[in-house]
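Pasting the structures in now, so scroll down.
Across the two complexes that follow, chain A remains constant while its partner is chain B and subsequently chain C.
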Partner chain A sequence: MAKVFIYPATSLILTDMVTRFGHTPLSSAVAIRERIQTAGLESVPLQITPEEPKKGLRWAAVEVPSGVRGRMALYGPMIEECEAAIIINDADMAFGCMGCARTNELIKFLIRQKEIPILDLTYPKDETEGVTFVAAIKRFLSELEVKQ
Partner chain B sequence: MTDYQPAHVGTVTKYVVVESFTVTPADLAVRAYEISQGVMIKETCFGLVIMGREEEVNRITNEVRKLDPDHIFVKDRGFPPGDPRRCRANLGGARPGFHGIEYEMTILPYISHALETLATRDAKTVPAPADVRTRPKLDIYTLKKMIDAQEP
Partner chain C sequence: MTPPVRIAQLSCGPDYSGVQQEINEAAAAVNGEIFFPDVALKDITRDFASFGLDVRSPDLKLAISRAKALVDGRVDADAVFIATCFRCAEAAIVRNELRRYIHEHSKLPVVSYSFTERTTAGTLLTRMEALTTIARRRALLARETQQGITLGLDSGSATTKAVVMKDNRIIGTGWQPTTEVMKSADEVITHALKEAGIKREEIQAVGTTGYGRFLVGKTIHADLIQEELTVNSKGAVYLADRQHGPATVIDIGGMDNKAISVMDGIPGTFTMGGICAVASGRFLEMTAKRLGVEITELGPLAMKGIGRRVPMNSYCIVFGTQSLVNALATGSTREDVAAAACHSVAEQVFEQQLQEVDIKEPVIMVGGTSLIEGLVFAMGELLKVKIVVPPYSQYIGAVGSALLASGFIKDD
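Showing the complex of A and B:
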């Protein structure tokens, strides 16, 4: 069972596919859950405290905005932990403010720097593309099993 | 700043999203209540939110999924159900994460169709998708077509 980083990190489809085909998805929900279940200082809504941008310095330089570094405190450990990654390239739902946009770029860059199996896809637009999409994920995840 | 004392420590929360012609969120809720022990279940417009110990939540989601395996999808959630920091009852408007689910629900019928197809067909026989990172160069015929399509 491999740990697979998914992008967009909140994707329902990718979380389900990875779990369905027997692996562990690394999604933002898990990172958020960890924070909101840990006692500390009250910092609504996501319990992202001033400590997070400091932790983010591991993945982004000090001149990078704190919003990016704070987000990287969530995603950075998952990127280090992952053994494979699935990226959906035309994910409009990952659109957000400039902090989100720059974090997304950094996430994709860091994943591509790691020498791990990566599957690049786009969202299917019809049933035929849907079959290709799911078959590609199934094949990718079954090959991971063989490598392990 | 005040101290933060978390609630429901050690629990997991999962969404069960249904996109089916035969199973409704109410059917899922009834089935989940039948087999649940010590978990919190909330019925929503798109399925269920289940919170409890990890083994118990996984057992229920696996059982519920059997109702229509190709049309029921499961996803992790960070916050417990009804959390005032996220619940729309307190904030107004849709819950922030709902927009992502709403977008992906438009694609779920294609995914369900694919899962049904791949139950009888080997995934290795399906051609690989086109490489999305290579951008094909604009060929002269397409360029000519674009020029001709311009209004005078």
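Showing the complex of A and C:
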């Protein structure tokens, strides 16, 4: 069993797949809803305080916007803890979405720097690609299990 | 109880910066209510594509969609607050374009702000107050003439000013540096009343503005206690006799600066603040002190100098002063240094704030610094317009308060 960081961290589908294969998903518990009535697409239900952007200084310098550092206070420890990762690029918003492009770039970079098994995929555009997409994730998670 | 003013928030990053609560508190303090325009995921893709600004951050796409929902009338609001992270280039572009888009396509008052995790409700209060005032008090702000006998008081961070007005004329003034807020207020009021030949009990209505407005307003039982953004806009177009059509009001204050885009005397968009004191009147005070002249002499001195001979463009008042000292130590003339200081302040305001409002003529400079002709000249050069400095420009907040306060005179 491995700790798997998923990107976008808000993807419920990926979280579910990782769990089904017996691994521990490292993700955000925020679901992207059909209608957006919060400040951002993946606004956290818990109260983030001005302390979080300061904690985020561990991953991003002070000249980096506070929103990036606040997010890194949440996701940075997960990235450090993970033993494997799945990255889905250009995902549909409904699949999972993280509001800040700069944070997204930093998160993906930090994951790719780690010497861990990483599945780096592009979100499927049609059904055929979708089948291949799901199969690739299943294979990655199965092999991960074997390795563990 | 008056229903709260509904302020639509278009933003990226305030929740993860830990400042959403501060924004909510600032709005609630002036009976405003922050809400997030409800849009569907499918709307975001459609609105973003039609807007045509190809940004990457999904929350900025959400902000664009929400702006379109407001302009298209799919969501009702009384005012708009646009906020993004400080130092984010992508967000700065969106913030600026959305502000312009909403201003041009709707009548909603807009304020934009870039926050850090250090932003507090106190920092946002005046901006929120101005937003709610514009939304709630349009009838009051439509007033174009002063009636009866009214007193206006501006308790500013650097100076306290008072004027007495009667039948649309200024008949008494008082001015002095702010020390103890109430003591300064009492003294300038006494001076203005004496000059006007009016007794305190003859005053029919009182208005206060500026940093000390709440304390002074409550103590002297003011009929109107109002932030300086709307009051100064009103005072500026009134004194400059430009009450109709567009105008831009620039007020470089002792502690912060205001740049306000006005239509028919009512602010449409505005910015307030500045990165550092080097962009404020405080730096000019320090310059005057270092040059050994009164602040009133700095302007004429600057007009005799050539600013570009002295390098001075720091964002920080400490480094700005260092440039000043270095220039004098290496033989620069006092005139050139005075001109460079004026140019530096004008340039900082131009770079930091005037990009966030639409500059439309007439450009009216007000506040105590508008009397420093070197500064007015430097600003005119940068904007390539002839700046209007109305009479009594240093009393702008007090005049605006006295003008608006006359709306509170009871018929009997």
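Keep this in mind: the second predicted complex is superposed on the first by the 124 of 148 C-alpha atoms of A that agree within 3 Å, B and C clash if a C-alpha of one lies under 4 Å from a C-alpha of the other, contacts with A are read in each partner's own complex, and residues count from 1 in each chain.
The working rule: a residue touches a chain if its C-beta (ideal position, glycine included) is under 8 Å from a C-beta of that chain, and two chains touch if they have at least 3 such contacts.
Predicted, not measured: the structure shown is a model, and the values here were computed from it.
Specify the partner with more touching residues on chain A, choosing between chain B and chain C.
Touched residues of chain A are more numerous for B.
Would you check which partner chain A:I32 touches, where first means chain B only, second means chain C only, and both and neither mean what they say?
So A:I32 meets both chain B and chain C here.
Which of the two partners, first being chain B and second being chain C, lies in contact with A:L12: first, second, both, or neither?
first
Applying the document's definition of touch, where does A:G40 land relative to chain B and chain C: first, second, both, or neither?
Both partners.
Using the touch definition from the top, say if A:K55 reaches chain B (first), chain C (second), both or neither.
neither
Once chain A of both complexes is superposed, is A:A135 in touch with chain B (first), chain C (second), both, or neither?
In the superposed model, A:A135 contacts chain B only, not chain C.
Between chain B (first) and chain C (second), which does A:K114 come into contact with in this model arrangement: first, second, both, or neither?
Neither partner.
Now for A:P65: first (chain B), second (chain C), both, or neither, which partner does it touch?
Touch status of A:P65: second partner only.
Contacts for A:M93 in the overlay, against chain B (first) and chain C (second): which applies, first, second, both or neither?
In the superposed model, A:M93 contacts both chain B and chain C.
Touching A:R102 in the superposition: chain B (first), chain C (second), both, neither?
After superposing on A, A:R102 lies in contact with chain C but is clear of chain B.
Check chain A for residues that touch chain B in one structure and chain C in the other, and list them.
Correct list for chain A: 32-33, 35-41, 43-44, 47, 93.
Can you check the complex and tell me which residues of chain A touch chain B?
Chain A reaches chain B through residues 8, 10-13, 15-17, 19, 25, 27-33, 35-47, 89-90, 92-93, 120-127, 129-136, 138-139, 142.
Would you tell me which residues of chain B are touching chain A in their complex?
It comes out as residues 1-6, 8-13, 15, 17, 73-79, 85-86, 97, 99-101, 103-104, 107-111, 113-115, 117-118, 123-124, 126-129, 131-133.
Applying the document's contact rule, which stretches of chain A touch chain C when the two form their complex?
Touch residues, chain A against chain C: 32-41, 43-44, 47-54, 63-71, 74, 93-94, 97-102.
Touching chain A in the complex: which residues of chain C?
Spelled out, the residues of chain C in touch with chain A are 9, 11-21, 36, 38-41, 44-45, 55-60, 62, 85-88, 90-91, 115-118.
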